[in-house]
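The structure appears right after this line, and notes come after that.
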Amino acid sequence: MAISGAPVVEFRNISKRFGSFHANRNINLCVDQGEIHAISGENGAGKTTLMNMLFGRVMPDAGSVLLRGKPLRMRNPRDAIRAGIGMVPQELLYFPQLSVLENIILGSEPSRAGIIGRRAAEKEVLCLRDAFGFQIDPSLPAGELPFAARRQVELMRMLYRRAEILILDEPTSSLGPGEVEKFLDVLRSFRAGGRTILFISHRLDEVFAVADKITVLRRGSIVRTLESKKTSKSEIARLMVGGDEISCPNAVTEDRNRPAAASEPPPLLEVEGLCVESAGAEPLIKCISFSIAVGEIFGLAGVVGNGQRLLARALSGREKASGGKMTFGGADITRLGIDARLRAGISRLSENPAEEALLPDRPLWENFLLGRQRESKFQKSGIIRKGEAVQFASDLISENGIAAQSPLDPPASLSGGNRQKAALARLFAGSPKLAILEQPSRGLDLHASAGMRDKIFELSRQGTAVIVFSYDLDELLSLCDRIAVIYRGRLMGTIERSLFSRDLLGRWMVGISS
Amino acid sequence: MMPSFELITLTLLKATPLLLAAFGGLICELSGLINFALEGMMLCGAFAAILGAWATGSPWLGLLFGIIAGICASAVHATASLKLGANQIVSSIAVNLLAAGLTGLLLNQIFGVYGTSPTVAKLPEMNALLHRNMPSPDGTFEGISILVPIAFALACGVMACLRWTVAGLRLKACGESPEAAAAAGLSVFRIRFLAACAGGALAGMGGAYLSIGDLSQFVENMTQGRGYLAIAAVILGRWRPAGVFSAVLFFGFCDAASEWLSVRWTAMPAQLFLGLPYAACFTVLAFYSGKRRPPSALGRVE
Amino acid sequence: MRPDSKSSFATLLPALIVGALICMAMAAAIGARPLELVQTIWMGAWGTADAAINTLTKMTPLLLTGLAVALAYRAGLLNVGCEGQLTVGALAGATVAIKCAFLPSFLLLPLSLISGALIGGIWAWPAVVLRRWRMVHEVISTLLLNYLAINLCAYLVSGPLGDGSAMGRTPAIAPGAEMPAILHSGSLYLTAAPIFALLLCFAASFWLCRTIWGFEARSVGSNPEAAFNAGISASIWQTRIFMMSGALAGLAGALEVTAVHHRFYRAFSPGYGFDGLTAAFLANGSPEWLWLSALFLASLRSADKWLQIGLNISPNYIWVIQAVLLLCVACRQRIGNGFWRILNRLRTNSALNEHLEG
Amino acid sequence: FANAAPVKVIVLTDAAGLGDKGFNDVCWQGVLKAGKDFGFEPRFLQSREQADYASNLTLAAGNADIVVTLGFLFTDSLKQVAPQFPKTRFIHIEGDIQSDNLTCYDFRSEEGGFLAGLVAGLFTKKNMVGAVSGMDIPPVEAYVSGFRAGVKTAAKAKGSAIEVSIAQAGSFNDPVKGKSLAKTLIDKGVDVIFRVAGNTGVGVSEAVRSAGGVHLIAEDLDQDGEMPGKILASTLKRMDVVIYNAIRDTTENRFKAGHFWLGAAEGAIDLTAMKYSAGMFAPADLERIEKAKVLLRGGELKIPKRTGEVDGFVAPEL
């Protein structure tokens, strides 16, 4: 494509309001051909809203979007796609009962006389899959894949379409480190091919690894656009919050210094030979044994789709164990249901709280009340004390910095990160004895993930045991006292904090036992 | 004649209106639009078919009228629920009420009669067609409307479309996730609206079968709950074309068998035979389980 | 009021106005004078004591079946089986009232009502069982149960439970089981049944919106997975609510028997179950507004004979009115927004004109 | 002056309503004819539900001089309402109610059924006849019992056993079901079908129309002309005449309260003259039919009204 003077994408005086709330205010931004342009900002800063306007999913209230110098009316994603734009949205968008193949080719199916050319499509999709090293069977229904694998499907769908301008809204939030590396390589190769990429991520490492320019958004307005080579992580972090410099996440790794306990803390949860079957297939979780002490933070690492979800669900009672034994504080809990375990103090944050933990159309106060409605604080002889509940919700909202306008708003009006914050806040407010966290930092900004870490440390000091499932090895290394690796439904091994070794963990994650 | 053969033809006859309506409902529901309004669409189709045949003198034009009326009823439902934000179940119920009211009202206004319309010319029957070329095989196809084979052919066509074509895939995509379909560049509203119209056409045809295929008259509320049974067949068939096809045949068979038995086992009370098809379906449900769930976004608009 | 105001009244009013206009246009098209029509409907429903009694009597089953539908809907279930539940409830109520005639009235009447509710609830039970264990959608199972109930009851009253005539009905219930009249007008009378139903309706709406049990049920309706993860068993709540729903429909049947018909007939319900769907959704599925929609539907129903003998309009027109209003209420958000937008534009235009003139 | 004002007549039907090609329509024809002759415009009121009967009756009684109620379902409400409107005259079909302002008529439908059964039994070639009934209500039961008795009589006359199959549709309003039931009967080998099913009968006729060698007997109304030759005969139940006469008597101030049984003897039940089908019968059979009519008119023959009484019925020698 001939390089003209005009930028490929230009936002001109774009504003967007939701009710009386300004999600975007007077945005002016140029993106040039062949650059990777990162957008950074806190949760709720307005990144997703801005990208949605470029993709025609949201109409701006004022201002215009110019494409190669020409103003373009983007009424719906179709217009955007026609203009050569592709997007991987922040929330998962997929067709649960269609196969992975169909998910990918939809909208640009190879066809003759209206009949789909399945053979050709399959060949191309397999090529794409192998380019990334994903391990997805394209004939499976997308809804049966683990959450993170669905994300991979979306990436493949976007690549399949060969868009010239790519919008990636937190694409890496569910990828493991190895996959992230491959993914970033793909982005670089795209840039070399002359494509333009808008990239949103809360992980500054990735941003600095690929981005040419970084634009920082704060409360709906652009703070500044910087060349990535001429700035630093700490500067970006500072611009994002608009105040003092905050510590960078990687620095936390060294901060984790717990006073060595005088005596060995008593074990809280003991798991012995746990097996879990999923719908009659061969046991997906095979004979897992481990134990966790009071106040311990236990990490579970692994590549996407190795049974983490099933294990987390089995621990919380959501899934029945088909074999083995679990004891919690000395009592056998193997047969207990989710409600009994909750009462015993075991809480889980699911990997997809928006679908599995929140009531999307009910006000936030009801969401925060959910699960504690029987506590005497919130009810009197069966009647809900609404005042108390709303007060409780307001407190949680302000304590956790959730960007909601009132406790009467439903979660559907929150940004992705803020929904995660809300789910976390509810879990932490219950002061559980054992917290099972799946991808706790997913979608959280720097500030919020730091807050989340602090909260976990605080809880652990108070004696709560925490199990963290994450694909992000760095996160686990910085958080945990011990890390185990799960591979194909088995534990490959466990290491203590003093022996942490990225190499070893990495090898375990791909199934090489030492 | 062998009893099994009688049962088969009776089953086919019983299944035809259900088959048309159920496939109409299936198309609609696969695109994500709940269609509890099949009863109303059938009723509109049945009435308009009579009206058309009466006004033009040609039953084929009557069939066309019936199809158009089904489309119109469906368009009301689709517009209300896709454009105007109505709850899809509510708008379905409203369409059913509207059809019941309007057909009765118009019957009175246009024909000046209550309850039953005048008799009109009906669509040709199979043996009338076969007679032309060969001698009648002792009335084998007696009373079987030409619409019966057409209905089965249409159902097979719909099945093939849903399975193999781009249009079928896109339709299913809209029913799986309208948000994702929109993000993939499809016009969800248009696809769903067209699906609803196609569904309405089939359901209207199902209604027309009752009034000018099977009979040659319209009787107020003549669908008698067949539209509800059709949607039950869609659910029983778990939203899979082949499943819906078998469910419809199963309903038809139970109904045919109960009638067949009721004229032979005269000692049994008639009410028991009237309840038999439903009891049989219920029993099958209780011992049957399948995996497929409804379209993931059924009832959800973007 | 702001055009995008979500307040229900601001949108409901324009929707009703639009609906009424459509109905009147249709009336004009079939040759009736719209105003006369409104007057006739009003007179037919509330113009005389007889009419008012009739309307209130008709409201009772609509209110209860509407409540049954609304309650289940809030827990994420669609109960289209009220028809069957009502029928078995009515037969159970009548049978108890006949067979236990030896009991004193203060026992017999409640016993009859309770047994109606009980059987109604039990009739709803297979649907939840199938839903839970066989993943069978409740719409299909309740629909089939309707037909089963109607045919089973028809068999029972023409055989074992009948009065021996070929009319397909039970004998009259014991006088002690009849609900006492609180108001007479000629041969028509009003019992406490409508008041009872109203109280039940308000109690249910309080239960649903203010108590923890109602909260749990609603949470299940909003997102069963989230509720389950919070320790609330979705399947148990759905079972409970569905049986409650069936019990309400069964109660409606038993009330009809004890308060109105004093016996059970074959083809007992003239479609109250489906009317319950209309009533519930006209009230937007919220029990606290159900009384209004039930009252409105009952008014139309009791006015339909006036249309026939007063204006010589086919009673089918009543269905059309119901359908149009139901559609408009269902679309009220959009209609309301459009209405206020137009109103605002008119207002700014006239303000502009004034400004120009002034 | 008051007398000069046209009388007001309101007809009440049960949920089936007008357009049933049978009971209600026949009655309505009588009212219409009376309206034409005596200068009034009748209105009709269809009750949609059982709960409406009393209130609709009250309303009609308050607004009309003559109220005509059709069907046994009205009996209970009439008992309550009629005495409260002494100035209104009530004419009721089917049921026995005592009130000074009420005249009610019951028809011996079984006699019509008997004639139908006789015709069917005499005509059948395969010795198999059938009937499609709507719902199990007293007049239908009477028709069907009469039909069985008639077939029995024919069998005796022919000296061969004739099988009777009855199919019930469970509704007066489901012609589609009526058609398939009739088809099932035909498949079984039945070659004469008697329909007593209101609108459901529409479907029965349809099935007979497209089947070769099968004939129909219609109920209540002369329908022989609809399918000449295919309809062997129609039973006649002259409710129209009865209502016409009752209205005439009332307008001429000769209203007579009471309950009347009407049958062939009174000329209220009859069979059509078989204009199109007489040629298909043997002269001896036609004679038998005439003889049966005479017997019935003379009141010498008692036809069973209930199903249970059929077995005890002794077929007359014809």
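Observations on the model:
As written, the chain order gives the labels A, B, C and D, with residue 1 at the start of each chain.
Heads up, the rule we're going with is that a contact is a pair of C-beta atoms (placed from the backbone, for glycine too) under 8 Å apart; a residue touches a chain by one contact, two chains touch by 3 or more.
The structure presented is a predicted model; accordingly, all values stated were derived computationally and were not measured.
A count of C-beta contacts for the chain pairs B-D and B-C puts B-C on top. Distance between chain centres (mean CA atoms), chain C to chain D: 37 Å.
With centres taken as mean Cα positions, chain D sits 76 Å from chain A. Measuring from the averaged C-alpha position of chain B to that of chain C gives a distance of 28 Å. Multi-chain contact residues of chain B (touching two or more other chains): 114, 271, 274, 293.
Along chain C, residues 151, 154, 158 each make contact with two or more other chains.
Multi-chain contact residues, meaning those touching two or more other chains, do not occur anywhere in chain A. Chain pairs that touch one another, listed by label: A-B, A-C, B-C, B-D, C-D. Looking at the complex, you find that chain C touches chain D at residues 50-51, 53-54, 57-58, 151, 154, 158, 165-168, 186-188, 256, 260-261, 265-268, 270, 301-302, 304-306, 308-309, 312, 315.
Of all residues in chain A, only 316, 318, 337-339, 342-343, 348, 350, 355-362, 366, 369-371, 373-374, 378-379, 382-384, 386 touch chain C in the complex they form. Residue ranges on chain A touching chain B, taken from their complex, read 55, 57, 76-78, 80-82, 87, 89, 93-98, 102, 106-107, 109, 111, 114-116, 143, 157. Those residues of chain B that touch chain D in the complex are listed here as 1, 6, 10, 13-14, 17, 113-116, 125, 139, 142-143, 210, 214-217, 219-222, 224, 226, 255-256, 259-260, 262-264, 266, 270-271, 274.
Against chain B, the residues of chain C that register as touching in their complex are 30, 78, 80, 126, 130, 133-137, 139-141, 143-145, 147-148, 150-152, 154-155, 158-159, 274, 277-278, 281, 314, 316-324, 326-327, 330-331, 333-335.
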